[in-house]
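What follows is a pair of complexes built around chain A, which joins chain B in one and chain C in the other.
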Partner chain A sequence: MNKVLMKGNEAVCEAAIRAGCRYFFGYPITPQNEIPEYMSKVMPENGGVFLQAESEVAAINMVYGAVGAGGRVMTSSSSPGMSLKQEGISYIAGAELPCVIVNMMRGGPGLGSIQPGQADYFQSTRGGGNGDYRHIVYAPASIQEMVDLTMEAFDIADLYRIPVLVLGDGMIGQMMEAVEFKSIKPIELPDKDWITDGTKEIRQPRIINSLYLDPDELYAHNLRLEKKHALIESREVRFETQGLENAEVVCVAYGTTSRVVKNAIEELEAEGIKVGIIRPITLWPFPDKAFDEISDTTKALLTVEMSMGQMIDDVKIASKGRWPVHFYGKSGGLVPTPTGVKESVKKIMGGK
Partner chain B sequence: MIEKVIVAGFGGQGVMAIGKLLAYAGMLEDKNVSWLPSYGPEMRGGTANCDVIVSDKMIGSPVLTNDATAAIVMNLPSMNKFESHVASGGKLIINESLIDKKATRDDIEAYYIDANRIANDIGNAKAANMVMLGAFIALTGIVEKQSILKAFTKVFGEDKAKFLQLNEKALDAGSQAVLQQISKV
Partner chain C sequence: MMTTMVYSKSKALTDAELHYCPGCTHGVIHKLVAEVLVELNVLGKSIGVIPVGCAALAYKYFNCDVHQAAHGRAPAVATGIKRVRPEEVVFTYQGDGDLASIGTAEIIHAAHRGEKITTIFVNNGIYGMTGGQMAPTTLIGQKSTTSPLGRTEEHSGKPLKVAEMLATIDGAKFVERVSVHNPAAVRKAKKAIRKAFECQLSGKGFGIVEVLSTCPTNWGVTPVDGLKWLEEKMIPYYPLKNFRNTEEEEA
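The block that comes next holds the complex of A and B.
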């Protein structure tokens, strides 16, 4: 048996190392401190670089530099720290560079709390920085899935030259589960013919930049990005569905919250109430097409989040008004409960 | 078969450690496991607890909310906090060395283990947590003692193998103490 019991924060590091990540820049913040701790030990053992930056802003700009030189690079933080990184992420997306970013979300706004949260959905999916950019967002629900997605994230980032955000929360970071590090199917990647690793006097200099002073040039760049985003939307959507057929209510939940919902669904089924679930694995691109699988007889949708309701916007967009969309959530570091989900479902069904 | 157990005490009593051992042992037996620690600005001497689930089925939420099948409480604040978190019919395993109080509910099974004294008697007061774990696995049968012992060096490192014998004694003593209690009932 090749399974090991690991904390989410440590497992995500191990996955990154195994995917060839050799540069990590970060700054401590709870609840993801085991990430820099683990990286500080394991990176040097693997011939890589671990560097604790003087701030999150510095760390993300170190990422910008290191990916520009062709490295496989990761940084991590938690909510308030992620806010600080947004400028750098916009620059990296603007310069079309690949990197992997981990956010173990905590309560907000501001410094919020150190307990788990999912209130960075808007920041993660709407572009927390300036400008017309997107980046891929993976939302794993188990440590095994986080490991698998993180290993793939580096390839996907390279393939599209785009940042990939692995979005967890304090719970998945702190908890331990059994994981197995499986080798992933390598995908064919284009040559990195854009990196600035020195001309060695045999080629023209390359420039990595996100500044386009000529409006026509910037517009052309925006159109190119838009085309890339459309390609990603057509190819990289991931989701899981369960029990949609004949479901009276369909829940939509991602990450750890989806596990709470699954408990509630099991309990409701025992009471004779059929509830299905759509679990987005990519938050961007959002799995709009999953909603086409919902049956016409379904009465309503219920979005469950560890926030005051953010993904609900995407659920409304994706479901195109075909069903009423309800919300149940908790925030502030509190976790939605199966009982809360059950009560919401019953309320929707008219107190049955 | 599923056990959802809260392990609680003060920092330094090894509550996180026995939670990890239990989860690791479950994994070695090819069961699904999760271990979720409380985390916060606490430090040594503060409260510590973790939720451990060992199950034959896929594990949903790793958070236990009043649906624990058992709680192992090592000190009084933990008992006060977590007695209500045990589901009806569940088990409350109480470290009576430090808790001079009886369970207040009659819809759960309460077991009283003099864990600190027992650990002291076998040679190391620090093994009180293992005494409690021994009682828990004897009561529930959720994992084998051998799996806990196999997990021991995986969790704490090969250099701790020298403590295996003592810890096995502690598990046995905890098991004995709880089984005696059942036979008395």
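The block that comes next holds the complex of A and C.
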């Protein structure tokens, strides 16, 4: 198939439609407005439903109802709106329902800015709402990768009955790149024998629920979720590494920031300094095992983020104290620069 | 000796034992909803949405598919269900803390969009499940655990009249307030609930029945005095009447 030039926010919609998504509930917020706009046009054309909710809170609760009733459903937002969605995401995770959520992150906290940011890492990877839960987080670094991951995300969500968050940022949402919509490998999915489609008075009622008043029952439910999380951690980790062998410094960066880091690595190589990169593609589950590939001769790790440093916690956990972990980042809508990365690397190598 | 069955529990209710307090009228309202679902022959295609509040466990009682919703969000959840399953009958069952306080945005906009769902709104003027705190619907002078000296207009405003408010919204095609404090009122309540479901079945739009209900436990009265209190205190402020019936307006 030919490549087409598309804006990230529109490409992610097209990917969802091609993956069979037929229900979208959302609320306008910059910098992801092209998503509801595009969906409002293409959903009806594809026999689906687009609905502009009265708030992000309502939108995610519409998702909760729609996926429980058996729909293939997506919602999207950006950082402040994602805060509002956390209530519903907790319920969806608690009731073990599948859905796909897109967050085109902007700067924060509070109203923050409308420029790109990566400051929702904690919220995205720690179970941003109440209770013991996690959900899968994909962090694409290009529009092509966002399209590929989004097309897979619906099946993965169905397979584990868990929300999947596609975590982009204002840059990936707003920029245009050439993309190809490849057909996805179908995976065998369990029957949806839990959806509410009416008993027809021939079967027992089905209940979509996250309430367990009996402590033993809730504990059993928490253990079941934990087991599911462990299964996902063992099977769904994705990452990319480059140049780890003989690297003096290894950078860790995800999403658009990883592209900045790769530019800096090329320039450093030309100067004779060998730097590698670990690029987590899943932020949860975090690619701990990628850190086993780092050489013992590597002097230090450098985490680069478009925030004040959040993923750095996971880098410290994953690297188990084997290397000093440094940080370089910018926030507020400012993007880390290749020069900034290079300076940080040189500073580390200078021993300061 | 010949015996004739004159009354039996609706098949739209499960055999689960209700957890409601003595004298609470939630059980009566459950029964009315259940009977209407059976009489309209829609039980097998009904999907209920249950609130947070005293009725949070009602997913155990209705013999149909049910979603348990977050506090106040039932109309949004019902919207999602109905948009996926327009042929199914979707209803929410919500209390006054759920619908009239934390869930005002969701109920107003479900009505505003004219969602083809039915809402049963149980108004007992107090937060029952959490132990008797003031609700938006608590009457002036009424004592609660968070208005220990009685609600005043100056501090908390006047009680919110939900049926009157929703009747101003075009998408709300059936709006009626009823009560269940005596058998005659119960019969009228059932009629209204039936009409609200018929409004959904005919594809007209959003329908809501506000049902005045008792909470003897948190009102601090006996069940019998609770019924009397509802009649004497609540009905004068919350008049029982139909506020919107598109069906009849068009006839």
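To be clear about the criterion, the second predicted complex is superposed on the first by the 349 of 352 C-alpha atoms of A that agree within 3 Å, B and C clash if a C-alpha of one lies under 4 Å from a C-alpha of the other, contacts with A are read in each partner's own complex, and residues count from 1 in each chain.
FYI, a contact is a pair of C-beta atoms (placed from the backbone, for glycine too) under 8 Å apart; a residue touches a chain by one contact, two chains touch by 3 or more.
Values in this document were obtained by computation on a predicted structure and should not be read as measured data.
Enquirer: For A:5, is the partner it touches chain B (first), chain C (second), both, or none of the two (neither)?
Expert: first
Enquirer: First (chain B), second (chain C), both or neither: which does A:266 touch?
Expert: A:266: touches chain B, not chain C.
Enquirer: For A:163, select first, second, both or neither according to whether it touches chain B, chain C, the two together, or no partner.
Expert: neither
Enquirer: Does chain C touch more residues of chain A than chain B does, or is it the other way round?
Expert: C
Enquirer: Under the stated touch criterion, which partner chain does A:26 make contact with: chain B (first), chain C (second), both, or neither?
Expert: In the superposition, A:26 contacts neither chain B nor chain C.
Enquirer: Identify the partner contact of A:337: answer first if only chain B is touched, second if only chain C is, both if each is, neither if none is.
Expert: In the superposed model, A:337 contacts chain B only, not chain C.
Enquirer: Considering only the touch criterion stated at the top, classify A:117 as touching first (chain B), second (chain C), both, or neither.
Expert: neither
Enquirer: If we overlay the two complexes on their shared chain A, which of chain B and chain C does A:140 touch? Say first, second, both or neither.
Expert: neither
Enquirer: Identify the partner contact of A:108: answer first if only chain B is touched, second if only chain C is, both if each is, neither if none is.
Expert: neither
Enquirer: Quick check: in the complex, which residue numbers of chain C touch chain A?
Expert: Its residues touching chain A are 14, 43-47, 49, 56-57, 59, 62-70, 73, 76-85, 88, 105-106, 108-109, 112.
Enquirer: Within their complex, state which residues of chain A touch chain B.
Expert: The contact residues of chain A facing chain B are 1, 3, 5, 30-31, 114-115, 170-171, 174-178, 256, 259-260, 262-263, 266, 335, 337-339.
Enquirer: Can you tell me which positions in chain A touch chain C when the two form their complex?
Expert: Result: residues 23, 25, 49, 51, 53-55, 57-59, 61-71, 73, 87-88, 91, 95, 196-202, 205-211, 213 of chain A touch chain C.
Enquirer: Where on chain B does chain A make contact in their complex?
Expert: Chain B residues touching chain A: 20, 23-24, 27-28, 30, 32-37, 39-41, 59-63, 65, 67, 154-155.
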